[in-house]
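You will see chain A twice below: alongside chain B first, and alongside chain C after that.
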Partner chain A sequence: MAKNRTKNIISLLSGGIVLFVLCLLSLRFGSAHLSTREFFFALTDVKRETVGGVIIYNVRLARLLSALVAGAGLGMSGAILQIVTGNRMASPNLVGVNSGAGFAVILAIWLFPSLFAFVPLFAFCGAFLTTAFITALSRKVGVSKSNVILIGLAVSAILSAGISLISLIDTDVLVSYNAFSVGSLSGVKFEQLMIPAITVGFVLVLSCVFSQRLDILSLGDNTAHSLGLCVPRVRIFAMLLASASASSAVSFAGLLGFAGLMSPHIARRFVPENAKILIPASALIGSILVVLSDFLGRIMAAPSEIPAGILMALSGSPFFLFLLLSKGGRKDA
Partner chain B sequence: MKRIFLLFLVLLCLIFPSCAKKQEAVNDTYFTFTDDTGKEITLSEKPKKVAVLFSSYAQMVLLAGGSVSVTVGESIERGFADEGTFLVDEGAGKKINTELLIAEQCDLVIGSVDIAEHNKTAGFLSEAGIPAALFRVESFEDYERVMRELCGIFSDEEGYRQNVVRVKNGIEKVLSQIPEGEPKKILFVRCASGAKATKAKTKDNSFVCRMLYEMNTYNIAENAPLLLDGLSTEEILIENPDYIFFSTMGDEDAAKKYMMSLLEQDEWQMLSAVKNENYTFLDKNLFQYKPNDRWDEAYKILAELLYGKE
Partner chain C sequence: MLEIKNLFCHYGKRCVLENINLSFEEGKFYAVIGKNSSGKSTLINCISGVKGYGGSIVCDGRDLKSISDKERAETISCLYQNATQSSFTVREMCAFGRSAFRDEKAERESRVDRALEKAGISHLAQRRACEVSGGERQLCYFAMNLCQDAHILLLDEPTSNLDAEHEALLLSAAKGMCCEGKTVICVIHNLSRAIKYADNVVVIDGGKCVFSGRKEECLEKNVIEKNFGVKKYAVNDEIFFAV
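Moving on, here comes the complex of A and B:
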């Protein structure tokens, strides 16, 4: 037991070190070339009076923090959903986060183009309310794993159709919507991160507090019920937690795909299938994935940028396939 | 036997007139031109009923002495067609009701090479025997060339002199006054409400950037070996352009408001173009839509913005 605990601590610490190194690289390098001297000088320019200071603090640090929060939020959300649905292919998209946020955003851009400052709020509300709607529908037919998945798919399909319809009616909204749908951390400000960061932190704490119940739920509905767990209530609560976490991320980062799906799979390589460890580990892996994607997206095509969402899909999908096809992957699926 | 003979006679009667008609068509040529897809189009007479699927080209048809009988909603909005003109699309011509268009039996249909729907529609029209021409206008030279064809179609040499030659002289006058020396660093941004990325454009994908290029300027977006629309804020800060031009898409007011909110942010305030208020929101009618007979005016405006104070 002590040996396992030590192993888990080492895994998490190693992940933390990898993330720390990535954070340093992300600050040090970007589209603009700063010499080592300029970089250290810029680091001391906390008041942002020089171009270097503005680049480091306003541009790179803001993006780094947003990548950390977005990755953690999506990774955690994916882990929670995979536990409560018992389906390792589950991701925030399953509970309508992406389609709900996307529909709300395109609707806002179409009907209220001047209210661009409120787009993150629309995104969050769209995502969260969609999940709430799915859980409410699930309660009617029974909150089983398969019902949740099926209802989620159906609702997502309807919202996706709504997105297509609006973009057909007014093609001009596509320009603004595309930037959101691709998933990018460009232009995210510190002010936009406060509430999402608090929400993600809150979800992390709550999920650790309720981890034992999640572990019981993962044993199967019948077993969980026989152990005295109120399965529907715990499942709904967990889904709402997952949605709050993912909705916070998409509100400022857009529709970053794959982070929620891949992070738990990668985390399982290093930590056991124990909610108390798996969820924080997934948050850590999610942050690593998004920080890495954003960093590479900024330097690979400099001075242009490849949005993090695209890079994650391009690199994440083959890696994910590799995981599935490898020996450990077959066990996971 | 009698029936077979009668059937043979009927068939002959059907074949001969169509041959005669074909012969007639080959001899009767009013005007022949090649559109921008390389297709040769022959008109047997001056077109009376013309469909124009792109608002800028609707204006060009009017300038060339023609009239627009069928068009798209944007043409009416921009004042290039009367309110009651028959429409085959309510918007900018991105979705054409081909059935309605064919039913109108126009003598000539004009569309844009750059709109996929027009290319598809042109295919249908050709099969139905309706002449369909697709053009691309991305520079004054393109405008000059297409107007030459249109003025030929509508036999309006005076229209060509007024709306092309005069404009060309105006442009040459403006360009002759552009000072030589170190090129000015500029940035051209297409902005929309709420769009996250700074959508910088270059001369390869924007006629305005092409115009600016002719005026001794250097577009910092040209640095990018692969411009993915989203130009890095870091790059803009490092390059620090002398002048920034904005063009808006979609809701103009909302896009301006959004861009102004961005300009108030610290990193944009660092730019000398923003500090010195060397930035402009360009008029949609001249710099989003093609300027047509106002190309000289568009050049003049840009020249005054860049060099007017010197």
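Moving on, here comes the complex of A and C:
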């Protein structure tokens, strides 16, 4: 028991160290060159009196924080959804986060082009309302694992069709919509991060508090019921937590959904299935993935950049396949 | 005392259980037998509360539809046919049996130890449930039931994945629960085993209860022979059934 706990702490600490190093690299390198001396001097320039201070604190730090929050939100959301649906393919996309956010954004750009500045708000509302709608429909027919997944797929398909339809009717909206849909952290401001960061933090705390219920739910609906759990209530609550977390992330980062699928799978390689450990570990891995993708996207094509969403899908998918196929893999439950 | 009154249950328009009236006394082992699709598992699902039904199921004067989640966990524990794979250790899973209760840590650990010992899987305590065999996993879930320590233990074909040795171990442990005043209701296909362990027998056929009574009465009236088309024979005072 103590051995397992030590192993978990070491795994989380190692992840924390990797993330810390990535954060430093992300602050250090970018399209504007800073020497090592300038970098460390800029770090101490909190009042932003030098060019380096302005670059670090006004541009790169906001971007880094947005990557941390987006990754944590999506990773955590993916882990919660995979637990409550009992499906390792579950991700925020499955409960309509991406399609809901995407549809709300393209609809808003099409109908109210002057409100482009409110895209994050539309994205959040679209994502969260879609999940709430899927949850409500599932409740009507019985909140079983398969119902949630099937209804999620059906609603997502309708919304995706809506996105395609609007883009066919007015091709001009595609330019603005693409900037959102590729998943980029470019130009994110501190002010945009406040509410999403609080939401993600709140979801992290709540999911740890309710972790035992999530663990019990993973044993199957009938067993969970027998153990005294109100299965529909816990599943709906968990889905809304996951939705709030992922919606917060896509509101400013765009459609970075792949992090939600990958992070829990990678986390399971290092920590046990226990929700209390798996959810924070997935948040950590999600942050690592998004910070790394954003960092590589900026330095690989400097002074231009490759959006984090594209790079994550390009580099992450082969890595993900490697993890799944590697012989040393832990036997999946 | 668990009483089932005028129980009806449907899957869509198909009536699966029809006007079931049964009573289960404390400290007794009830074997529920019947052919495939006769409604045995549905009966267990109705009692455990995972399947909706018409009529009433009353335990110690309280309708099971109106009790809280925690009260249900105190009252009924159920072992289902297919044990879900899990990455938790066998010990962690067993401890989930007490998740609805606020036990002191020492008491919980002691209950877990006892349950693992009764289920005969103490040696697997630190193994992951996804790394043990299907039969051992079934015993792991059974240990969880024992740890839950509810008044009524429902077993839905609990021995389908078990070898003869572990089958005997599980049924003996379940029988032992009766000595502690618990009611055990076990759906079982093996008629010989059913007769060996049961105090009372319930026979379900086509969604109806065709017999409910003491084991001796069941044997005297040749209920099993008539309903299952089998012959009875005895070896060393133990009764067996064969086609």
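Quick note on the criterion: the second predicted complex is superposed on the first by the 327 of 333 C-alpha atoms of A that agree within 3 Å, B and C clash if a C-alpha of one lies under 4 Å from a C-alpha of the other, contacts with A are read in each partner's own complex, and residues count from 1 in each chain.
As a convention for this text, a residue touches a chain if its C-beta (ideal position, glycine included) is under 8 Å from a C-beta of that chain, and two chains touch if they have at least 3 such contacts.
Bear in mind the structure is a predicted one, so any value in this text is a computation, not a measurement.
After superposition onto chain A, the modelled positions of chain B and chain C are compatible, with room for both. When the shared chain is aligned, chain B comes close enough to touch A:Asn58, but chain C does not.
In the superposed model, A:Pro272 lies in contact with chain C only, and not with chain B.
In the superposed model, A:Asp221 lies in contact with chain C only, and not with chain B. Judged by the touch definition given at the top, the superposed model places A:Ala302 against chain B, while chain C stays out of reach.
In the superposed model, A:Phe116 lies in contact with chain B only, and not with chain C. Here the apex is the CA centre of chain A, and the angle it makes with the centres of chain B and chain C after alignment on chain A is 140°, in steps of 10. In the superposed model, A:Arg139 makes contact with neither chain B nor chain C. In the superposed model, A:Ala32 makes contact with chain B only, not with chain C. With chain A used as the common frame, the shortest Cα distance separating chain B from chain C works out to 43 Å.
Within the complex, the chain B residues that touch chain A are 91-92, 94-95, 192-199, 223-235, 237-238, 240, 249-251, 253-255, 257-258, 261-262, 265-267, 270.
On chain A, the positions that touch chain C within their shared complex are 86, 212, 215-216, 218-223, 225-230, 268, 272-274, 330-333. Only residues 45, 48-50, 69-70, 72-74, 76-78, 80, 84-88, 92-93, 96-97, 99-100, 128-131, 141, 144-145, 148 of chain C touch chain A when the two sit together in their complex.
Note for the complex: chain A touches chain B at residues 30-33, 48, 51, 54-55, 58-60, 109, 113-114, 116-117, 119, 168, 170-173, 175-176, 179-180, 184, 186-187, 189, 254, 298, 301-307.
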